[in-house]
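Structures follow.
Heads up, the next two complexes both have subunit A, just with different partners, subunit B and then subunit C.
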Partner chain A sequence: MAGKGALNISELLTKKEKEILDEWVKAQADNLASRRGLIPEKQQREDSARLLGVLVKAVAGGNLEDITAPEYDGVNRFLASLAASRANQGFSPSETATYIFSLKNIVFKFLQEEYSDRPEALLKAAIDFSALVDKLGLITFETYVKGREEVIREQQKSMLELSTPVIQIWDEILVSPLIGTIDSARARQIMENLLESIVATKSSIVIMDITGVPAVDTEVANRLLRTMQAAKLMGAECILTGIGPQISQTIVHLGVDLGGVITRASLRDGLTLAFKRLKLNVARAEG
Partner chain B sequence: MDKVPILKMGDTLILAIQVELHDKMAIRLQEDILKEIHDTGARGLVIDVSALEVVDSFMGRVLSDTASMAGIMGVETALVGIRPEIAITLQEMGLELKGVHFALNLEKGMELLQNIGEIFYGED
Partner chain C sequence: MAVIKRDKDLKFIRIEEGHHVDMARRAAIEYARMMGFGEVQTAFMATSVSELAKNILVHAGSGTVIFRILSVGEKRGLEIVFADRGPGIDDLARVLRGGYSTSSTLGIGLSGSGRMMDELEIKTEPGKGTTIWIRKWL
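Right after this comes the complex of A and B.
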């Protein structure tokens, strides 16, 4: 690895660290992002100084290719935190990456000044360094994407929690209004919520309302049935309500076996049935 | 403790399984229950499993068999106190517990058997 080109660069970077930093910061001052005032110049300079510092340390051993090597730990860590803080400050990922890439031009300039007499070594050094900086720029991109994924996961989780409520609407009667598509993760969540609620409220009747479920296929029906079977094991009777004409047609056409589950067209009918089962009488007060 | 006590309350036998049963204990328990049914002329059997944290396929099988045996002798069985996680496991194992009634707790199980008894035998 310690070919001529690689040696050139690490030597040059160490020797000219100060000058490179000055040039780089100056170049950034003309940059669009700093013009927008998203980041104070002082911080920009600090970031650049630190990045250059860790980079100089990393390339000191002559390794310009493998950025997973231990000497690049500092660089990787700093880039990750830089990408995260820039994202928070409102930079787009390409702006952050461009910032990293802009180091190339500066270093090329210095390389050229230093080694203008050795064009071959210069070319190799330029290519090597360019590849390295590209990789570093991509790290910021990856960090950015990872951050985004994290946010999406969090949102998905909270959506999952919000979308599976279990409500006790009367003594011993639970209602679980289902809205949206039911995939296996949600089915699992529904089942767990429901069973916990049965224990907590000592309920003996569970009404599952699928008015808000757009489509019921064999898979969804199976998931609902499994939930109801589990509820039955805990001594709760299940009523499936909110079955509109469309859904009832699909169920029959698909040949889904609802296996003796009590079904009603509307939540209202289901509730009436539940009252009947519990021998409750709902009547208008006299007088 | 390798014997599960069987209590009698009115027409109903009550037993609470508190430890995981191994083969011998399970068979002994089945024999005890059936003998008790024969001796007392009970019409209901309530098995409380609320103390069990794990129900494997063997245990499920034992409970199912016991209920079937009791059923042949004219006894309605209620399995009570199944925990949510166990309900999920049983359901995932696809274990069918035929001829068994389920209730949330002992109290509700007794009530359930009472109601069934009234339907089948009339009040006496």
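Right after this comes the complex of A and C.
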């Protein structure tokens, strides 16, 4: 409980919950977001009532500081769901946070009415409550950011799946067109896909095309070399294609040794070589 | 002796995760093209940035890459600085010769970058960190 002389905010909130809610909802009605009609007034009132309800419960023990304490679980849960639903309804994260912050003005008014005779205690109470509401507003912001991060992670995963295809373009010939940067996760996936495909299709030639790889540095070169080595151990011959003038000079200056690797400038040249190795003849039909 | 003037800082990039390296590499390409470097020189710079920014990530965990425009008299150039507070480089001479690595890679990133750039300068102190300047002149 609050010490002697200090104002009891939790008591005030409990006592005046209904009035505070009414005032708050009224203030929101004049607010920009509700004017835009993004949210029905009824839901606005329900949200506010629930938030105030869980908040009153949380502060009942006098804790206005540590919002990670168990009594704030309800508040945290509600704010997370509020942030998510508001984001779905098209609110920006700052609009949602501003909505939470708007509770301050209302509660300040009630504090003032109640304790106008004790200015010093009033100031302290206002500062404490303000700090608490700030924290709550930031939770909605963080939830929003976390949601975004999750979307980005999912997109990255999708891109990873998309970008490592292995295609059988002829009997015994596989092509792996590499597109984008090759980090360790992708390199692993490329290697796995390739080795599995070699077994599944009984291929003897693998063409790895790096036309779509933006930069070949020593790490990328090293990973390509290892993949080709592994393929070789499984009895497949590797042809590295798509080495343009910039990449070839970069590799030379870096000092990467591609001595044991068959390379061709284009995928077309690589395919021609593969056909030759398999003693296949591509000719235009007569007539 | 000609004095190198730092004309303009273009960008600071914090290196903390893998995709920051990609950001730095793309920035290198953007600035190199903006300044009028040819495609091969641009590729050299992009690859050097990729190497050295990855080194920050692998050895120091985090650091900063700074891009800036330099001039000496009429001559203009691009300088890229890689700074970290990592463990420093113990045997600098050996690392610069190439083929030596403490992290199961090829160990030629730093020496290769030196060959691709016009200038490469290193200040390193064990336990305190490493700063590398690379420059290319138009």
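By our rule, the second predicted complex is superposed on the first by the 279 of 287 C-alpha atoms of A that agree within 3 Å, B and C clash if a C-alpha of one lies under 4 Å from a C-alpha of the other, contacts with A are read in each partner's own complex, and residues count from 1 in each chain.
Definition applied: a contact is a pair of C-beta atoms (placed from the backbone, for glycine too) under 8 Å apart; a residue touches a chain by one contact, two chains touch by 3 or more.
Everything numeric here is computed off the predicted structure, so don't read it as measured data.
S.K.: Once the shared chain is lined up, is A:N222 touching subunit B (first), subunit C (second), both, or neither of them?
M.R.: A:N222 sits against subunit C, while subunit B stays out of touch.
S.K.: If we overlay the two complexes on their shared chain A, which of subunit B and subunit C does A:A231 touch? Say first, second, both or neither.
M.R.: After superposing on A, A:A231 lies in contact with subunit B but is clear of subunit C.
S.K.: For A:P245, decide between first (touching subunit B), second (touching subunit C), both and neither.
M.R.: second
S.K.: Now for A:S10: first (subunit B), second (subunit C), both, or neither, which partner does it touch?
M.R.: neither
S.K.: In the overlaid three-chain picture, which partner chain does A:T181 touch, first (subunit B) or second (subunit C), both, or neither?
M.R.: A:T181 contacts subunit C only, not subunit B.
S.K.: Mind working out whether A:T143 is in touch with subunit B, subunit C, both or neither, as first, second, both or neither?
M.R.: neither
S.K.: Contact-wise, after the overlay, does A:T164 reach subunit B, subunit C, both or neither (first, second, both, neither)?
M.R.: After superposing on A, A:T164 lies clear of both subunit B and subunit C.
S.K.: Using the superposition on A, tell me which residues of subunit A are in contact with subunit B and, in the other complex, with subunit C.
M.R.: Residues common to the subunit A contacts of subunit C and of subunit B do not exist here, since the sets are disjoint.
S.K.: Could you pull out which subunit A residues touch subunit C in their complex?
M.R.: Those in contact with subunit C are residues 181, 183, 214-219, 221-222, 245-247, 249-250, 253-256.
S.K.: Can you list the residues on subunit A that touch subunit B in the complex?
M.R.: On the subunit A side, the touching residues are 191-192, 195-196, 198-199, 202-204, 226, 229-236.
S.K.: How about subunit C: which of its residues touch subunit A in the complex?
M.R.: Its residues touching subunit A are 18, 22, 25, 39-40, 42-44, 46-47, 50-51, 54, 98, 105-106, 108-109, 111-112, 115-116.
S.K.: Given the complex with subunit A, which residues does subunit B contribute to the contact?
M.R.: 79-80, 82-84, 86-88, 90-92, 97, 101-105, 108-109, 112
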